[in-house]
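Two complexes are shown next, each including subunit A; its partner changes from subunit B in the first to subunit C in the second.
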Partner chain A sequence: MTTTDNDIISELKNKFGEAILMAQPTKDEFPTVWVDAAHIAEVLKYLKNEISRPYKMLYDLTAIDEQAKVHKVHQDSKFTIVYLLLSFDRNNFIRIKVPLSSDKPSVTSITKIWPAANWYEREVYDMFGVNFEGHPHLRRILMPGTWKGHPLQKCHPARATEMGPFQLPEDKQDEEQDMLKFKPEEWGLSKSNNDEEFMFLNLGPQHPGTHGVLRLVLQLDGESIVNVVPDIGFHHRGAEKMGERQSWHTYIPYTDRVEYLGGVMNNFPYVMCVEKLAGIQIPDRAKVIRIMLSELFRISSHLVWYGTFAQDLGMMTPVFLTFYDREKLFGIVEAITGDRMHPNWFRIGGVAQDLPNGWEKMVKDFLDYFPKRLKEYDKMVMRNNIFKARTVGIGVYTTEEAIEWGVTGAGLRATGFEWDFRKKQPYSGYEQFEFDIPTAQNGDCYDRAVVRVEEMRQSLRIIKQCLDNMPEGPYKSDHPATTPPIKKYTMIHIETLINHFLNVTWGPVIPAGEAFVGVEATKGHNGYYLTSDGSTGSYRTRIRTPSFPHMQFVPEISKGYTIADLLAILGSVDYVLSDVDR
Partner chain B sequence: MSETWIHILIIVCVLLGMVTIAAGLIYVERRMLAVWQERYGPNRVGPFGIFQVMADMVKIFFKEDWIPGFVDRKVFIVAPTIIMITTLLSFAIVPFAPGIVVANLNVGILFFLAMSSLGAYTIVLAGWASNNKYSLIGGLRGAAQMISYEVFMGLSLMGVVILAGSFNMTDIVMAQKGMWNVVPQFIGFVIFFIAGLAETHRLPFDIPEAESELIAGFHSEYSGMKFGMFFVGEYLGITLVSAMTTVLFFGGWLGPSFLPPIVWFLIKMFAFILVFVLLRASLPRPRYDQLMSWGWKILLPLALLNLLVTGAIVLYNQ
Partner chain C sequence: MQLTQRAKHVDRHPMTWIERLYFWNILKGMLITLRHLFKRKATINFPEQKRSFSSVFRGLHVLNRDEEGRERCTACGLCAVACPAEAITMEAAERLPGEEQLYREEKYAAKYEINMLRCIFCGLCEEACPKDAIYLSQTFAPSNYSRKGFIYKKDDMLIPNPLTEPETYKKALGERPAKMIGNQ
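Coming up: the complex of A and B.
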């Protein structure tokens, strides 16, 4: 992206010499460096704290099982740990890879450098069986504690039919139930202080205030919260594993369901990532259609948040009104895509169909209708004094803390930091649109709400510009990897017919390589890190979702508040459990 | 002889009438909320869905009357009956029209206050007996809330008592012939209405159940008709507070003579019931400590001031 890309690699080489194994070119053009496992902690510490214009955010931490790979970059690596860091000063990422060649892979934990690494390392341990030395609490996070094996290893079966029939005899049931019992000692929590015993309250996984199957164990002193231990994974569906057995094309419907309020917003980073790997250029009309649909879904998702947030604070009416408006949005989405919540409508190389006749009128009607409603909601919710009393000064954090814990999206902007990937690293032509980045100053629950409400207004502006300036032209690229390919010439041109036949039956073959593409999604920055081994399916699909670090951050911002405040905090964070667990 | 029969008739009518109104409120509330929330509400059973309540009743009576194994059985069973009994007993002192009152007590208001204090037990006992952490927290919140709001409720009524010179409800209505109490006792009215909301623990004062925080608070473990009693008890409470507001501050049955007194009473009472529903539709729930500090720091001094000023004015006029 910038000219300093190679500088950072040579700077690291000068500083660490032999520890830097090699640099790897990638399709996303992020500087990518392989680092010896013994030196990883120093290198990361240097990148975070010592270098000029540092990489402050641990954006993602994941692993790849390289054992079945044909196009290997590092020949000896069995498991590769991938650290993705983000520098706000440089406006760029850096990817650090660590090869692990042992059969019992192990690497130093970096939880001392980034506390946010805690959950990521637990996930890698859970999914790949990689040990992290010095991790404070290395145990499974997404899979049940009784699970045998590590799902994202290539030797682990991907389908239930490969695993034999499921049985739950009584002793196994007892074991499962025992595993779910909360034992405070395991988490280093004391049962009482000098004067009194603490109450451990199990909030969820079935609870009206957690918006899904989330379990939070609260350590309570009276009604005030001493500590919170989130237990996630109840919504885990193995989305990443499924990516490895679907073709590039047939994986798109799964992405819809990763953050199930975002609809096509989830298709967006995935298809862009595949397009980057394949080198597909998208026609302008498809770009603008994608933006318009995404912004419609941003409003739709924010409406769900608006209503449910108010409901968490005991307000009954807004949720019905916002869902009514969402229904109007779904009317538009349905007319365009044929489906409502999960349209599965973006395609590699474009979108599934052209816009239908009369779409302008529907969009225009909504643009006329919605601002009035937003004003009404402002009056009803945002300016309500009880609402303010419940949210102002609750769940406060600073920009530094947010960056430290990997918070993106409205939660980051509410701390006064103007950072929106649509502006800072524009994709799909966002640079041509006029809109503002709403921010707020205090980083409390109220400010997060202010930012989201204003974001809806900005989305309306973007949609208006899409409506006024929708380019003419094809809605799909004519690149051979476009799926399904354009059919116009198939009956008169044999090459196109063969290509069409292969793309529709097997799916496109994407050249070997890797890329990461992220978008400013509804909950924060959502990205797909795809590795292709030159075949019809992904070798490794990594979904970096914003809700995962946000959920990890919740205990930090809820200590000292009461149960009622916790619900306000949960509502203001705006997570979706499917987005946390994938 | 005939007087006794009339009296029994009044008792039966009040009892049945109030329970029917309370049950009917379930329909009214659901319908009104729907109107304000751009949806239909119950509209399938009978014309406009008016038989929904009956369907609900049939359903709830036929539900398994299940008592979880871990609860304190006796207390668990007694708790929901308390709210029904105390609230229904309170209706005894409400004068619906001239002569239509079950018990024309000379300490009417005190009886009402005593009964509503006893009502607090229902939450505390249910919360305690359920042996569930959420219920316990709900019970604790409920106890604190009801005890503190009890204080202002009593104090806010004293202005009315001073003006009427009597604790008797009929006397209080008659004393409003010239002017309804809401004018001289506006502060008292506001405080009483807020305290009444808190007593019935309706939104925004539904802190003991606080659905999004405590699931259902003190009645999480209840099902079937025992839950039904809490449910109907809540609506009885709304009816009671609306009736009391009408009697104490809005002249009870008094009104122009083209309508019979009882109709005036009912019109006023239903107007307040709708205010209850509207409040539920529009307000969020404050936090427990905010509610308490608001009560003790604002409502209590206001109620005392109101009492002081009323007393001073009455003394001066004498």
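Coming up: the complex of A and C.
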């Protein structure tokens, strides 16, 4: 732990005395303190509002079921609530843990301190059965309302085959449907104001403008939006639960599918987190390969956003053109990784294979080709009158609001706040690259769009530097936990073969500990918080995705606009439902 | 290298009056569309035409033979445990005297099945195999009428014998040797 970490911990100890139970060293070196449940609200309020250089953002809120754990840190805790706060002034995180030792765990809700805690607390309630006192709408958020049990508890089965065959008799179907019926009273929404009745409209779950299975219930006064209630969870696949079932190595393909437009951008934080836990150093070549692939995927993801955003606003052509360019990118990705959208290509300790012969030419061709296209899109989309009319001044928010609600990525930079984790907390060698952070001023739909367009240009710069300076050397580390070990070394004699067998069957054993690693992904800051119990699989896999808080923020920025504006707002937020629901 | 730690303000300059004209915008869009009519088509006529795949493409599996036409697989089961989707099942058998021409090792896979509906084509089986006995080829899953049809048996995946059918063997192998060398 560094001195500043100790400072903040001793400051908290001085201020709150007994309420601070202990400090815990972690592999990510974030200051981590355990706080007594009775005082959590005070401590968080202090960290947010009173301390100098405050922790303004509630970055993540989750829980851990400790009941099956061997290497416990707090002996009596059955469920631990974990708050992760981010301070922009300090450029650092702080992790606050609250032990709950009762069988009916309950803790004070912090929705009064951070409104963004609302969905996070609902998720913890849904997944772990923890009650939050004082929460305005404590109900399930990802699982269907009729679900029995809380999936992330250790006693909940992880496989469908453990739960008996699925059946949907008529009465159950009725019950499910009844559960989905929207009852405005339950959400505290009134059915009418003084002179008019409101209309409640379902947008989705099947609607082209929602870009996936998302249901938004709109409270409408004529055409203008009074309130929006998002209903998420239709895309929930239990990615976090699967993380506890798979080995460290065989979970990598699952990460691909969390934010399916980002490809390797999902492997990235996961493998870096495992590497941090295991203490693996990555060879330079692997680092640069990882960066190059990630930036290719950033462009690819932004192209999907670009085309579909324009289409949301009534332009048919751009989407065909951007998808054509994306296809070119997929050509490169396929040549390197062997697949297109789900490359599954980063490995613990490096990447799966070396770059193929001729990769330079493919990348160079793309670098020559793409800027022209970007210019054409600028003319066609960004400088189009109708496009501007529909995006400028729509869905505006300020930097303070963005931070309050946990917004990261282009949505934050569009408000004029220069914050990019590639620059501020560089990982994998980003500090050695030259690129700018595009920022805009107004935080409206248009600004979010220009920021993303400029980001594509910056990504091209980074890729160019990768191309010019690709280091020689191995593409995988020779650390024993590298999975699978380099094949050259494996089939020499019986010893190395046994090593290969162990490594491929159970995979590496990762020492007990916990770490969080995040990357500046395509949609915002995406991070994995892994807890190892000293075994061949993760004890708890928490995936902090950017789209989740962004979706929670949508109602706040849509009130007062019309339905057509809402579609512009949704498009400009750039989320993926698989990233919201995991 | 000089690093720029600066933020870049994106371009927000107002539009010129020409750009603000409504019909000009419509016309401009039309012109762009029109121009693309004369460009090379981006699509191909599948299934008459097929696109080429990269040599490392992860398509349907092939069970490999060695130069003498013997099956390489020794039914060690590594592919099955490495498979995240649990798509592979196999039954091992012992090679009998006289079968040396058929199987390379003393133990072989009597039954080997992959459920292509479960498979996510991640390629971890190929990475796990210590015998170069399985690899993913440059084809992708065809359609089928029944779920059963997607459970590929050993015969569906075994590569043709290089001694008896050299032509088809070559074709099935594709550009794979290059990839395997790259993999080592």
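Keep this in mind: the second predicted complex is superposed on the first by the 572 of 582 C-alpha atoms of A that agree within 3 Å, B and C clash if a C-alpha of one lies under 4 Å from a C-alpha of the other, contacts with A are read in each partner's own complex, and residues count from 1 in each chain.
Please note the rule applied: a residue touches a chain if its C-beta (ideal position, glycine included) is under 8 Å from a C-beta of that chain, and two chains touch if they have at least 3 such contacts.
Every value quoted in this text rests on a predicted model; they were computed, and no experiment measured them.
Of the two partner chains placed around the shared chain by superposition, neither subunit B nor subunit C is touched by A:146. In the superposed model, A:10 makes contact with neither subunit B nor subunit C.
Look at A:564: by the touch rule set out above, it reaches subunit B but stays clear of subunit C. In the superposed model, A:199 makes contact with subunit B only, not with subunit C.
Set side by side, subunit B and subunit C differ in how many residues of subunit A they touch, and the one touching more is C. By the touch criterion defined above, A:315 lies against subunit B and subunit C together after alignment on the C-alpha atoms of chain A. By the touch criterion defined above, A:384 reaches both subunit B and subunit C. By the touch criterion stated above, A:324 is placed in contact with subunit B and with subunit C alike. When both complexes are aligned on chain A by C-alpha atoms, subunit A residues 315, 317, 320-321, 324, 380, 384, 386 touch subunit B in the first and subunit C in the second. Residues 33, 36-39, 133-134, 137, 203-204, 206, 210-215, 280-290 of subunit B are the ones touching subunit A in the complex.
By the touch criterion given at the top, residues 199, 201-202, 207-209, 223, 310-317, 320-321, 324, 380, 384, 386-387, 389-390, 562-565, 567 of subunit A touch subunit B in their complex.
Considering their complex, residues 1-12, 15, 19-22, 25, 28-29, 32-33, 36, 42, 53-58, 76, 78, 81-84, 120-124, 127-128, 130, 136, 182-184 of subunit C touch subunit A. Those residues of subunit A that touch subunit C in the complex are listed here as 246, 249-251, 253-254, 315, 317, 320-321, 324, 327, 331, 334-339, 342, 344, 352-354, 356, 376, 379-380, 383-386, 388, 418, 423, 431-442, 446-447, 450-451, 453-454, 458, 484, 487-488, 490-491, 497, 500-501, 504-505.
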